[in-house]
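These notes open a run of structures that come right after.
Below are two complexes that have chain A in common, paired first with chain B and then with chain C.
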Partner chain A sequence: MMELICPAGTPAALKSAIEAGADAVYCGFNDETNARNFPGLNFSRDELRKGIALAHGRGAKILVAINTFPRAAAADIWQRAVDDAVSAGADAPILADIGLMDYAARRHPNQRLHVSVQAAAANPDAIAFYAEAFGARRVVLPRVLSVPEIAEITRETTCETEVFVFGGLCVMAEGRCSLSSYATGKSPNMQGVCSPPSHVAYEQSAEGTTSRLGGFTINRFGANEPAGYPTLCKGRFSTAEGAGYIFEDPVSLDATTLLKGLREAGVTALKIEGRQRGRAYVESVVRHFRHALAALESGSEADIAGLKPFTEGQASTLGAYRKTWR
Partner chain B sequence: MQLSLGPVLYNWAPDRWRDFYFRIADEAPVDVVTVGEIVCSKRSPFFARHLPAVVERLQGAGKQVLLGSLILVSLRRERRQTEELAVAEGALVEVNDLTCLRALAGRPHAIGPFVNIYNEASAAFHAARGAKRICLPPELPLASVAMIARAVPDVTIEIFAFGRVPLAISARCYHARLHKLTKDNCRFVCEKDPDGLLLNTLEQQDFLTVNGVQTLSHTCTNLLGDAGILRDSNVGSLRLSPQDCDMVAVIRTFRDVLDGREDVDGGNRRLAADYPGVPFSNGFLWAEPGHVYRRAQSADAQIGTPPTP
Partner chain C sequence: MNDPSAASPGPLPTIPPLLALAMRPLPLLPLQLVLTAVLQRIRRHNPAMFERLGNHARARFGIRPIDLPFAFVVEARPPRLSVVRDLPRSLDARISASLANLLALLEGRVDGDALMFSRDLAVEGNVEAVLALRNAIDDAQLDLAAELSSLFGPLGAPVRRAFEAARGRMIGPSQQSEQWR
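Presenting the complex of A and B:
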């Protein structure tokens, strides 16, 4: 059966995820070493150790995302994160930076290592590079591939594959996007944030609400329209060829209906996005996919409507898994 | 300080593309030229027939030619194309995705701005595997650039110094989406925008530029005024990225300022005339939002004003 990999931004969410049936939980330290570096989120060293003890007691694994790109002259912060994750007993660090993978492979040669989606390994050759150079055992695939392309990858590589099945959808290839830093100076690769709340402003007027990021208008909503968060690539813009959601509508990924295809494609693990989300989200989404996987095993119908409240704008997409998305 | 011309990122008519490089070969004081379609593999066949003549003409004029690899490689034919490039003789490959590295197997190569090198350890890793030139990611601040350049003294470090700055790559084609076409049946509508398609906010702020699967800034990177500090930071090459303007004039302006035949203010005036109507930016270098323009060589280090509706 495919593994279910679930997010946790807090010890409480970690516990909820395990109780709801996660095979593994991924989390990060509360600093710039991970790509969900939000205030009040993530784990101290002590919280991680306790989380690992809890998970291992229930037969679940803990993966530690150390997936931003170390700042020049500050590599020790990221190296210490790897060392601390390993010594705490984490089952694998999830890394994106070549220099850090090199460090981890040399310093902890027996440690299982996962390649983050931020490393943008989108084909068997790139995956083989990470496997040969650093002994990487699993790669989280970027959200640019169709299901047949994923099948081709799993046929050609011995590295395990992990794919996103639910949550916030990057429209651009992950780890290769500077849109946020262009508007705000803060980037996913360097600071671990995208479209950060510190640079968001809402302006109310008689006509409705305008949302801005770093001074740029990302969207305008009518008085009766709910105002969504101004994630840059999900904004409404205008061009000479027309206006609207030029990059992507405000939708979330939901691949519940594709689980069978992903299993046939040889995928090892299914990943749920959302370390920034609360316990209720984690618990409901994990439980949903646990049931869907059980239904897949028994050949019965899965509930495909249950997750609507947890999607952005109550709308979902199959993203690049369906080729026509492109 | 070398000058390097990056690959044409937009979908230009093939003959125009060829003639552009012929003129660069004949007239432009540029040391290194990267050629090849790196944004969209569907465009490659159009340029392929002109490529040998372009490479020959550039090399004949004494330019070092680099062959740029595709930024995002996911299809089988894209992998094959990338591997063929990596084993080709006669010109160094500029790697824009790690897909190339296995096929290169340690042979000398260049690294383009689309490979994530944010620190000394990553630069050293690539240098140990044959990287002779590294064009760093455009979002890197000067402090990181200087640190990396010091760590790999045998590698020529290059910085993105002119042109709309590439910000993102996607599997989805936004030109096709805007024209209500699928990517597979896109009719190459991106050819209508040889300088990219301007994307405004709903309050008519100039914001970004759409180029098929690629998204770039609206502003034009201009590090002319920062060239002195870049030189002091051991940067060995400035990359100028082709826009739909007189690039020979742009290259001459940079050369004249670097060689002291023109001062920075005069050079900036010339650039503004060479590529009119597009504001400058250099925010990334100064750890500011990328769209900001911070005027160099002035005592009070004036910061560009943020956009107003």
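Presenting the complex of A and C:
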């Protein structure tokens, strides 16, 4: 059966994920070394050690996302994160930067390494490089591939593949976005914050809710209109061609209906996005996919409607898995 | 309506307008005293929650249940809470939602982002402070029934039952209360 890899932004969410049926939980340190560096979120070193003990006691694994790109002259922060994750007993760090991958492989040659989605390894040659050069055992595939393309990759590489099945989507090639940097000076890839909340403002008025990022008005939602995250890529803009979502609609990925195809494509693990979300999200989404995987094994029908309340914009998509625009 | 016992952000009931109207003349001080004691108890028993607030521990949050005729001003450090008819201007952030959704958020029964997506939660002011507060509360796994009932000594058990009955009608039983039974 494919593994279920679940998010946790706090120790309580980690516990919820395990109780709901996660095979592995991924989390990050409370600093810029991970791509969900939001206030009140993430793990201290001590919390990680306790989380690993809890997970291992229940037969689950812990993966530590160290998936931002080290700043010049500050690589020691990221290297220390790798060292601390390994010494805490993490089952694998999830790394994006090629230099950090090299450091981890040299310093901890027996440690299992995963390639982050932020590395944007989207073809067999790139994946083979990570596997051969650093001994990477698994790659998290970017959300730009169709299911047949994933099948092609798994046929051509010995590296395990992990794919997203639920949660937020990113319109850019993973790890290559400058929209947040342009508007706020802070980057998801360097500081770990896409659209940092310090630069987000909401204004409530009779017309609805206006969201701004770094002074840019990016959307206005009517009173009962479903909303999305305050990111530039999901902004609704007026142009000479009309008003609308120019880059991407505010929707969430939901690949519940594609699990059979992903299994046949040779995927090893299914990943749920959302370390920034609450325990209620983690518990419900993990349980949903645990049931869907059980249904897949037994050949019965899975519930495909239960997750709508958790989706951005109250809508879901199959994203690039089914490229209807081609 | 969704099953209220499920950990999903389905629509939760609101206080009927007539009941809210009947509450309007009630004095606020007794409620303020009880809620202040609950806040101080939470502070004593959940130090990690206040660490998660980080630089925002001294922020002043205005919390408005949209279906009640009063609101709350809450500070974490030092722990202070006041019940007011109208929120003052001098706040770092304002959070508004129905009472049921606010209670469910406090107990981690709903996801804050999902409430934002469905427009059941509105935020103004310092969004970073609000996010820190949301994440700190979500990690704390608060059991409001236990916190409240502990204030009432020998009357704690009936107070707990009364609170749980009211909460059950609004957001369903908590995991803690199910285990307690």
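Operating definition for what follows: the second predicted complex is superposed on the first by the 314 of 326 C-alpha atoms of A that agree within 3 Å, B and C clash if a C-alpha of one lies under 4 Å from a C-alpha of the other, contacts with A are read in each partner's own complex, and residues count from 1 in each chain.
Following the convention adopted for this analysis, a residue touches a chain if its C-beta (ideal position, glycine included) is under 8 Å from a C-beta of that chain, and two chains touch if they have at least 3 such contacts.
These numbers come from a predicted model, not from an experiment.
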Could you look at A:Ala295 and tell me whether it touches chain B, chain C, both or neither (first, second, both, neither)?
-> neither
In the superposed arrangement, which partner chain does A:Leu54 touch: chain B (first), chain C (second), both, or neither?
-> neither
Give one of first, second, both or neither to describe whether A:Ala73 is in contact with chain B, with chain C, with both, or with none.
-> first
Determine, under the contact definition given at the top, whether A:Ala13 touches first (chain B), second (chain C), both, or neither.
-> second
Is A:Val144 in contact with chain B, with chain C, with both, or with neither (first, second, both, neither)?
-> first
Return first, second, both or neither, reflecting whether A:Ala183 touches chain B, chain C, both chains, or no partner chain.
-> first
Which of the two partners, first being chain B and second being chain C, lies in contact with A:Ser284: first, second, both, or neither?
-> second
First (chain B), second (chain C), both or neither touched by A:Gly228 = second
Chain B versus chain C, judged by how many residues of chain A each one touches = B
Pick one for A:Ser198: touches chain B only (first), chain C only (second), both, or neither.
-> second
The intersection of the chain A residues contacting chain B with those contacting chain C is none
Considering the complex alone, what residue numbers of chain A touch chain C?
-> 9-13, 38-41, 196-198, 200-204, 209, 221, 223-229, 276-281, 283-284, 306, 309-314
Considering the complex alone, what residue numbers of chain B touch chain A?
-> 71-76, 78-79, 82-83, 97-99, 101-103, 114, 116-126, 137-139, 143-144, 147-148, 165, 167-174, 176-179, 182-184, 197-205, 207-208, 210, 215, 217, 283-284, 287-291, 306-309
Along chain A, where are the residues that touch chain B in the complex?
-> 69-75, 96-100, 102-103, 119-126, 128-130, 132, 144-145, 149, 152, 171-173, 175-179, 181-185, 187, 189-190, 210, 214-220, 233, 235-243, 246-248, 320, 323-326
Please give the residue numbers of chain C that touch chain A in the complex, ascending.
-> 2, 6-10, 52-56, 104, 108-114, 116-119, 122-124, 127-136, 138-141
